[in-house]
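After this come two complexes, each holding chain A, first together with chain B and then together with chain C.
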Partner chain A sequence: MVTKTEESQLKNLEIQVDNGGGGAWEFLSLVRKLKVRRSDKVLKHGLSILNDPKQRSTLGSEEWTLYEQVAVAAMDCQSLDVAQDCTKALRKRFPESKRVGRLEAMLLEAKGSWDMAEKAYTSLLEDNPLDQIIHKRRVAMAKAQGNISGAIEWLNKYLEIFMADHDAWRELAEIYLSLQMYKQAAFCYEEVILAQPTVPLYHLAYADVLYTLGGLENLQTAKKYYASTIDLTGGKNTRALFGVCLCTSAIAQLTKGKNKEDKEGSQLHSLAAKALEKDYKQRAPDKLPQLTTALKSLTLSS
Partner chain B sequence: MGLGFGVGFLGVLILFHAAYSTIQYRALLKITEEEFSGSPFSVVIELSLGLLLCTWAALTVPGKFLCILPDSEENRIVSLPVNPDFMIFNHRGKLFPLEMNAKLRH
Partner chain C sequence: MAEDLVLDTAIRDWVLIPLSVVMVLIGVLRYFVSKLMRSSQTPDAKIVREGQVMLRARNLRAGANFIPSKAFRARKIYYCNEENGLLFVPKGQAQNPQAQMFSDPNMAMDMMKKNLSMIIPQTLTFAWVNFFFSGFVAAKIPFPLTQRFRSMLQNGIDLSTVDVSYVSSRSWYFLNLFGLRGLFSLILGEENAVDDTQRMMQMGGGFGFDPSKGLSVEKDNLDITQHDWALPNFEQRAEDVLKKVIS
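Up next, the complex of A and B:
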C-alpha cells in the first residue's frame, strides 16, 4: 500500500535520481518496497549500478535482488538482451534455484514463446505443486494471450485452494470489471474488503461497482461505502465525495413521488458538496464554476 | 538518545534517594517515638521530580510515536500497488521500445 508520505517520498527521490542527484539504490529499494511499476527507470538506474563494479560490491548480497529486479524491468521494457544477461548471471550464482527457473520462464513469456513457458511452469509445478506465484503466472499468461475466460477459470481454480489471497481476489475483480460482469466483480470486492477492511480504495471500488449496477438497494449500499471511504480518508478523496452526491441524486430520482425522504441523507449530500467546494477553492479555483453548475444540476434533477 | 538515557538514570537515582531518605526518616521517628503519618515535604518534592524525569525519559528514549489515525498523512493510502505477480509483458509498451542501448557489461 502506498501512503501519502511514501508517495511524496518516492516522487522526490524520482526527481532527484532523474537529475543525477544520486540515491539510485534508495530509489530502487523504495520501488521494490512499494511495488510500483517504474520499469524504464528501474532498468536505467539499476543497470548503471550493475555496470559499476564499485557500486555493485557495496550492495553485498542485495546485488542478486537487484539483478532480479532489473531482469523483470527489462522484460517489461522489452529489452530482452538485458533480461537474458541478468538471468544468466543469476543462474550462474544459483544453479539449483526455483526462483531463477521462474525468471527464465518469465523471459520465455516476454519473448512470446507461450508453449515453452507453459512447459517450464508445468515442470516447476511438478516439483512444488503449491507454488502460489507460478499458479498466478499461469493466470497472467492466459491474460497476456488474450484468453480472458481461460484466465478467469485458472484464477477461480487457484482461489478455491488459496482463498485468503486478497491480491488474487483483486485481480479477479479487475478482470470481471474489464468484461463488465459487475455482479461477479462486486462479490470479489466484498472478499477483498473482508480481508483488508482498512483500505479506503477497496471501499471506493466496491461502491463504484454497486453504483454502476444501479437499483435502489445497490445505490443505498454504494452511498454507505462512499461514506466509509470518506471516513477512512478524512474527506480527502474527491471521488468518494462526488460519489455521495451522485448516489444521493440517483436515489432521490428513484424515490421521487414516494415522498419518503430521509433527512440524514440530504445532510450528508450537502456536507459532501461543501467539502468539494472547499477543496476546489483551495486546489483549482478556476474549475470552481464548473463544479457549482454540476452540483446544481444534481440537486435540480432530484 | 544519550540525553534521554542520562535523564532516565538521574530520575531513577532520585527515586532511590527518595526511598532511602524515607527509610531514614522512619528510623528517626522510631527513635523519637512518634507516629509515621507521611513523608516529609522535601521527599515528596523529590519523588515527583524523579517521577517527572523518568516519565520524560520513558517517552523519548523508545523513539517517535506513530500516528494511528487512518486519515493521517502517514497512514492514508492514496494508491494501490500493482499486482507484480500478475504482471504481463504483452502490452502496448512492446510497440514503443526504449531507445536505450544499455547492456549488462561484465
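Up next, the complex of A and C:
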C-alpha cells in the first residue's frame, strides 16, 4: 500500500527529476521501495545514470540493483536491446545467480519466445520450488498468451501453497470475472475481504459479483455490501450509490406482492438517490436530466 | 584500604586495549566465518504451507463478521472437519521437532554449525585470556560500587580487600563479550550484529516451535468462533452517512 505522504513525495521527486533538478537516484529508490510502475521514467533516468561511469561508481554495490531495475523497466517498454545489455552486465558479474536467471527468462518472455521462457522458468523452479515470483510470472505468461484456463490452473496451484496471498486471490477473482464464472469469483472476493476487511473496493467488487449473480438472497447481500462500501467511503463512491438503487429495485421486483421487509430498506434507497442527485448537481449538472430519468425508471418499475 | 592502587600504564597498553581490540576483531571474524558457513536453506514446502494455512485461518477468524454466514460456515468446515480439514492434524502424525531433527540430518548439521561458530571461538578466547591476562587489575571505574558487584567486576581475583571499583582483566573480557553488540551493529550493519546473548537464549529455550501444535490451536480457536454478520449494521450506518452527505 502506498500512503498519501509517500505518494506526494514520489510526485514531487518525479517533477524535480523531470525538470533536471537532480535526485534521480532517490526517485529510483523510491519507485523500487513503493513498487510503483513508472517504467518509462525509470528507463530514462536509470539509463542516464548507468551510462555515466562517474555517477555509476558512486552507487557502490547498489549499481547492480539499478541494473536489474532498469532491465525490468526496459522490458516493460519493449526496449529489448537495453534489457539485454543490462542482463548481460549482470550475468558477467554474477555468473551463478538465480536472480539473473529469472531476469533472462523474463527477457525471453518479453521477446515472445514463450516456449524457451517456460523452459527457463521450469528449470529455475526445480532448483527452488517455492519461488513466488516465478510462480507468478508463469501465471502472467499464460495470461499474456491468452491461455486463460492455463492461468487459472497455475494460479490455483500457486494458491494451494501460498494461500494467504490476497493479491493472488484478487487476480484469480478478476480472471474468473472475465470468464463470467461469478460463483468462483465471489469466493475469491470473500477471501480478499477476509484478508483486508476494511478496504471498500473489495466490498464493492464483491457486491457487484453478487448483484450479477442475481437471486433474492444474493441481491440482499449485495445491497448490504454496497451499503458497507458507502459507509467505508463516506458516501463518495458513485458506483455504490447506484448499486444500492439497482439492488433495491431488483429486490422489489422479486418480492412484488409479498412486500414485507421493504420499508426500512426503501429509506436507504431514497437517501442514495438523493445523494446521487446532489453529487451530479455539483459535478456534472448537464447530466442531471439523464440521472433523474434513470432513477425514475428504477422507482417506477418497483 | 581504599587508598589508591596505582595501575601501571603498561597494563593499560598491554592488557586493557589489546583485550578490547582482540574482542572486536574476533567478533568481526566470527561474523564472516558464520556467513561463509551459512547454508542457504530452502524452506520445506510443507512448513511453508502450514504457515500459510495458519495465516489464512487467522484472517478468517479476524474477518469472520465481514462475510456472509453461508460463506463462513463453508470455510469453517473446510478448515476444521475431522477427515481432511486443512487444520486437522491426524494423531501420531504430529512429529515432535526433536525427532524431526534427527530424521533430517541437514537440520542437525545446521544447528551444529551455528553452535560451533559460537562455542569454539568463545572457549578459545576465554582460554587465551585466562592464560595471558589472568590476575591483572586492568581498570578502575570512576565511581564506587557495592560489594555485590565484586563477582561481576573482579572475577579472577580472590582478594576481598580490593575496592570493588577495580575491574579485573577476566571481568573486562566478559564485559566486552556482552557489551560490544552496539559496536558490532555499527560496524556490520543493523541486523548483522553477532548477538551472543540472544543466541544463548535460543539455545536454552528449545528449538523453534511445533507447527502442528499451532495448527490444532488455531483449529480450536476457529471451532469456538461465533459468526455474527456485521453487514446488516452497515445499512444503518450507511443511512447515517448519507444523511450527513445530503444535509
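Keep in mind that, in the parts below, the second predicted complex is superposed on the first by the 222 of 302 C-alpha atoms of A that agree within 3 Å, B and C clash if a C-alpha of one lies under 4 Å from a C-alpha of the other, contacts with A are read in each partner's own complex, and residues count from 1 in each chain.
To be clear about the criterion, a contact is a pair of C-beta atoms (placed from the backbone, for glycine too) under 8 Å apart; a residue touches a chain by one contact, two chains touch by 3 or more.
This is a predicted model, so every value here is computed, not measured.
Colleague: With both complexes superposed on chain A, which partner does A:C245 reach: first (chain B), second (chain C), both or neither?
Modeller: Neither partner.
Colleague: Check the residue A:L108 against both partner chains and state whether it touches chain B (first), chain C (second), both, or neither.
Modeller: neither
Colleague: State whether A:C188 touches chain B only (first), chain C only (second), both chains, or neither.
Modeller: So A:C188 meets neither chain B nor chain C here.
Colleague: Report for A:I152: first if it touches chain B alone, second if chain C alone, otherwise both or neither.
Modeller: So A:I152 meets neither chain B nor chain C here.
Colleague: With both complexes overlaid on chain A, does A:G234 touch chain B (first), chain C (second), both or neither?
Modeller: In the superposed model, A:G234 contacts both chain B and chain C.
Colleague: Under the stated touch criterion, which partner chain does A:L34 make contact with: chain B (first), chain C (second), both, or neither?
Modeller: first
Colleague: Tell me which touches more residues of chain A here: chain C or chain B.
Modeller: Between chain B and chain C, the winner on chain A residue contacts is B.
Colleague: So which bits of chain A does chain B touch that chain C touches too?
Modeller: Chain A residues touching both partners: 234-235.
Colleague: Name, in rising order, each residue of chain B that touches chain A in their complex.
Modeller: These residues of chain B touch chain A: 69-90, 93-94, 97-98, 100, 102-106.
Colleague: Name, in rising order, each residue of chain A that touches chain B in their complex.
Modeller: Result: residues 1-5, 7, 34-37, 39-40, 43-44, 47-48, 50-51, 72, 75-79, 81-82, 85-86, 89, 106, 109-110, 112, 132-133, 136-137, 139-141, 143-145, 167, 170-171, 198-201, 232-236 of chain A touch chain B.
Colleague: How about chain C: which of its residues touch chain A in the complex?
Modeller: 42-43, 45, 48-49, 52-53, 55-56, 59-60, 62-64, 66-68, 71, 231-232, 234-235, 237-239, 241-246
Colleague: Could you pull out which chain A residues touch chain C in their complex?
Modeller: It is residues 128-130, 160-165, 187, 190-191, 193-195, 197, 221, 223-225, 227-228, 230-231, 234-235, 244, 265, 267-268, 271-272, 274-275, 278 of chain A that touch chain C.
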